[in-house]
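These are the structures, in structure tokens.
Consider the two complexes below, in which chain A is the common component and chain B and chain C are the respective partners.
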Partner chain A sequence: MNTLTDITAARPVAPNPGDHHMSHAHISLKNIHKTYGDSVAVDRLDLDIEEGKFIAIMGPSGCGKSTLLRMLAGLEDVTSGDILREGQRINDLAIWERDMPMVWQSLALFPFLTVRENVEFGLRMNGVASAERRTRALDWLSKLGLEGYANRGVDQLSGGQRQRVALARCLVTEPSVLLLDEPLSALDAHLSVQMQGELKRLQRELGITFVYVTHSHSEAFSMADTVVIMNQGRIEQAGSPEDIYLRPATPFVARFLGGSSIFDCKARRRKSGELVLEGADGTFDCAASELVELDEGEKVSLIVRADQISVTAAAGWAENEVSARVMGEEFVGALVNLRLETASGTQITVQLQQRDMQALDIEVGAGITASWHPEDGHIIKT
Partner chain B sequence: MTTSISTRRLSRLAYSGLWSLPLPLWLAGFFLGPMILLIWLSFWDVRNFLLTPDFQLENWQKMLSANYFWAAYLRTTLIAISAAILASLVALPCALAISFFLGLKARMVVLGLFVVPFFTSYLVRIYSWQIYLTENGIIMKTLAAVGIDSGSLLNTPLALMVGLVTLTLPLVIVIQSISMLSLDKTLIDAAYNLGCGPRRVLFATVLPAVRPGIVLGALFAFIFSFGDFVTATYLGGGKFTTLSILIADTVKSGQQWPRAAVVSLVMIATLLVSALGAISYAYRRA
Partner chain C sequence: MRVSLLTRRLTVIFLGLALTFLYAPILTNFVFSLNSDRFPTIPLGDVTLEWYRLILADALVIDAFANTVKIALIVAPIATAMGFAAAYADYRFDFFGKKLVLVFALMPPLIPLVVIGLAMLAYLSRIGLSGTLPAIVVSHIVLTSPFAMAIIRLRFSQIDGDLEFAAQNLGASNWRAFREVIIPSTKTSILAAFLLCMAVSFDEYAVTWFVGGLEETSSVRILSFLQSAVSPRINAIGSITFITSITLILGAQFLVLRRLARA
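Up next, the complex of A and B:
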């Protein structure tokens, strides 16, 4: 694999003149609204994208993430609201004036041009002289490990190579922001993981802003500095991958990320004065820090991650216990995902080591007790 | 069990065999056979207005050394190329409009209308043009009324072009439109995204991307015009001797079927070479 180490040398990261803030909103979306007829695609959304950060926007299909990206690129009009870049409103700039190159899901390489001509396209449109165009295109091709392919047709390349050509075509004009619309979805799993590493390194070395739309958890969480989770045109949560993983802000986020069990509960005050959570599946204790802002009678979702739940054959051993029935098991390498269901119909996911699973001797349909430590529950108000 | 499997295999074989039979039959009966016959015929002799099987090179020598043959060849080629270019140029804005500016329904209607000309006989359409283009036709009368008097438009290169474009335009428009409609619109978005403004997008992206369709449209126009007899006869008035007219004359004068076969074979060879050349150009990268 070709290294990208000389990229920073080739293109020094532009300083931000007049930037005295720690975080600098490179791109700001202010109250962005987008409707198609009666249906709302993006619903009064606010988002600040920091300079030089890798931001991943993810959500289920139809959540508005692609529409958001297309509005940034100028491919879609904004129904209302403002898009700002460096504080300047760019709503009314045409697509070709935005200088926000995009890596397309289909890659959209020009089949009638050679690899080099594809990379040169943006420079040609910007009126760069032919000799310089050629040098810069070849330079980028070699940075991305495509030296010998300049005069090939794009249909003579492998999927990974085509991906690199698409990247080179965007980066050759030295933009300050790159838009990526599910660029790895056409690659096989192995190649996708490899490209994830390269994309992240490329972004870090270039120091430019990446706005990356994906429906893949692994892509978003492995590359992004900030993950934005969208649903029905709104942002459910925006934060660091760790933050979102450990502290999902809404039941939707917990469900969307998967791997967590969700118990619908109500806060109740014990005679002793402390709060407990009471639901159809039982009464649960929770860490005091999680209970702080809760009032009696308030409805909450109690979220417990799959790796924090343990299972035992008999009850009466732990504080937060739920009896459930084994519905199924999935083997993922050395781990096993156990699917349980309680009498009230709550789905529980438990992640176990393969050997623990064998020791338990679990059968599908058998009764079992799931439990977790009170410190491991995370509360979301609903 | 085994019998049922073998009968099933047999019936499948019979089924696929039955369907694939017509192709070789057609090729043999209507292409290969006549072709061999034509080649053979070109070596025959004509004695006392009678075709006589023979093997002599005189027909080839006579035709290929005749100035009138090469003049007709050059004329026919030029006329066909002009018609192909003209039809392609006229078709281009139409195909662009059909593919990029019309809605789905309007597009279907318009494309449908371009098929309608094929319902009427080409001969009828050319006769109609004759009426328009004669000295007493509506065009010349109107021009005469405003003081421009240029006689008949018939038997001019212009009339030839009118006839050949009438023949080829609908097909060229349909071929170009199909190729534009199958163009991945993301390519245009990608061009915009890379700073290509709307004024440059046509020449930098759309036309290169649909080049196969444009070249194939022109190729068909060239093929039809190259072999056309009707326009050359009725709108050219026989004034422009094309290869088709030459064939007719050769046959009529002294039953020279073998020499007509020579002309015919040269035409077939020319079209074959142009078709191969055009197709390889169409799919070549810039």
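Up next, the complex of A and C:
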């Protein structure tokens, strides 16, 4: 695949000469390829990152997301392809010439320096005079709620405070890009949610580009303007969180995000002329808008979100019905995730309100009918 | 952990015995070095510094001490630098055959000293170095650098591998990052390695005896004294050598343990 995965796909391709303030690609990855021996880590990938946007790159471990970030920072060489920053090729710049500070997963704070010295480090490397260094470092420490900790050792701080020192250390140099490599993975859930809010606020206030690598859905979807989902060194889908949630582009994305049921089907034309989807679990109708581009015999995945499936004890009530057995249930607050399995082995996830669940009186192992409206199915060609 | 009183008492007694066996001879050595009697017998004679005065007047002993100090001061910086370089390479780089290189680098202390001594003698005499101070220096570097490497590697194993790159990421060049991150993180272990190398060089006897020829260090001098006649002077030299090396080793221990305790 050599097509440009343009995050700003909604924009017209031709630049509008009258609009100088239109956001443009700040960083472009062009046909980036990275191999380690025989194994391909990043596979001819194209990506444009808009200036001032929060972009989250996510995917399962080993999908190449961290390698991508490390190539941006210059920590890994690019096997082939170009990294452009404002149109300038930066492939051959050394790590220290790139001015793309990174918040490390391990934080990588200098244990032999005080909090203030840690924050001053980047300024010192860039030859900023000592008095100015001090002012700017203290300024950032107070912005991040760390006044009073300036002269402590970093090992005397809590996890959340260390996180903030790592942020201050990067932001004090006033970069235009900040790289973040799973920075919240070491924090407990509560603190992580709090930091997500702070990160998003910081990014919006500073207006700088954040490139955030994570494997956590909640982090990516709660903070990012653009989510990029990677798998096996390629981009599966890039778009707004809403776009990806509502319209997963590939079965992988649907599976990776979870919460959806996937039916493997084939398009078949009825005698009446309309297309239906036929699979091992039955024959399903689908909205005409989803079916337009399908030909007879084409293989597709039919994706139905968990909150759009309902369950009934008896069959014969709806257009799209599947009979299944109850495999288990998980309580998530006021909601229940019901796991079902059809005779052919398809996994179905249904999300119900707690009280609906009680009204149904379902037991594990019991037979049940799952159904959904034709317009709630989303089709992906496979 | 809860231990019964009996077990604890037994352990303490055992430890006491072990330490006594280890240190009693050295202590005796020290006591008799201050004893006026010619032979180590009890009851003791008067307290005297006679034997120390005698060895300090002995040109052979003074030469041997001077050699020892000279050698240790040349060996320790070189061996420490080599040990550091090897430990840093192990920390920072991955390369083909790394394990093998490490095994070879750490091997010398495991080879019997007599074997090393013989091999060194054979090789050094072939290149016309045997019987000289440089020969002793070279052999001591071979013997001590693995210790330096081991100590410094222990420190490297506690350093976050991202630190150096984090410094570069914030604008420090390769060399600057090394100076700003690696040196401050490892300096105490470098000092500890330096002291330990000096101590090992100070005490080393077997290989020195093989390759040194007529050049003597203090430990070789002690043996020469023993071979000619038993004299309380040996006790005096022994005490001085012991105090010097134990000071160096305790210094190294202190630096290493302080680091470990903090980590």
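Here is the rule we go by: the second predicted complex is superposed on the first by the 361 of 382 C-alpha atoms of A that agree within 3 Å, B and C clash if a C-alpha of one lies under 4 Å from a C-alpha of the other, contacts with A are read in each partner's own complex, and residues count from 1 in each chain.
Here is the rule we use: a contact is a pair of C-beta atoms (placed from the backbone, for glycine too) under 8 Å apart; a residue touches a chain by one contact, two chains touch by 3 or more.
Every value quoted in this text rests on a predicted model; they were computed, and no experiment measured them.
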item	value
Partners on chain A (chain B, chain C) - clash or fit	clash
Touching partner for A:114 - first (chain B), second (chain C), both, neither	first
Partner chain(s) touched by A:104 [first = chain B, second = chain C, both, neither]	both
Touching partner for A:153 - first (chain B), second (chain C), both, neither	first
Touched partner set for A:96, first chain B, second chain C, both or neither	both
Partner chain in contact with A:122 - chain B first, chain C second, else both or neither	both
Partner chain in contact with A:84 - chain B first, chain C second, else both or neither	neither
Set of chain A residues, in rising order, touched by both chain B and chain C	73, 75, 94-96, 99-102, 104, 106, 108, 110-112, 121-122, 125-126, 169-170, 173
Partner chain C, residues of chain A touching it in the complex	73, 75, 94-96, 99-102, 104, 106, 108, 110-112, 121-122, 125-126, 169-170, 173
Chain A to chain B touching residues, read off their complex	73-75, 94-102, 104, 106, 108, 110-114, 117, 121-122, 124-126, 153, 169-170, 173
Chain C - residues contacting chain A, complex	160, 162-163, 165-174, 176-177, 180-181, 184-185
Parts of chain B lying in touch with chain A, wherever the complex brings them together	184, 186-187, 189-198, 200, 204-205, 208-209, 211, 285-286
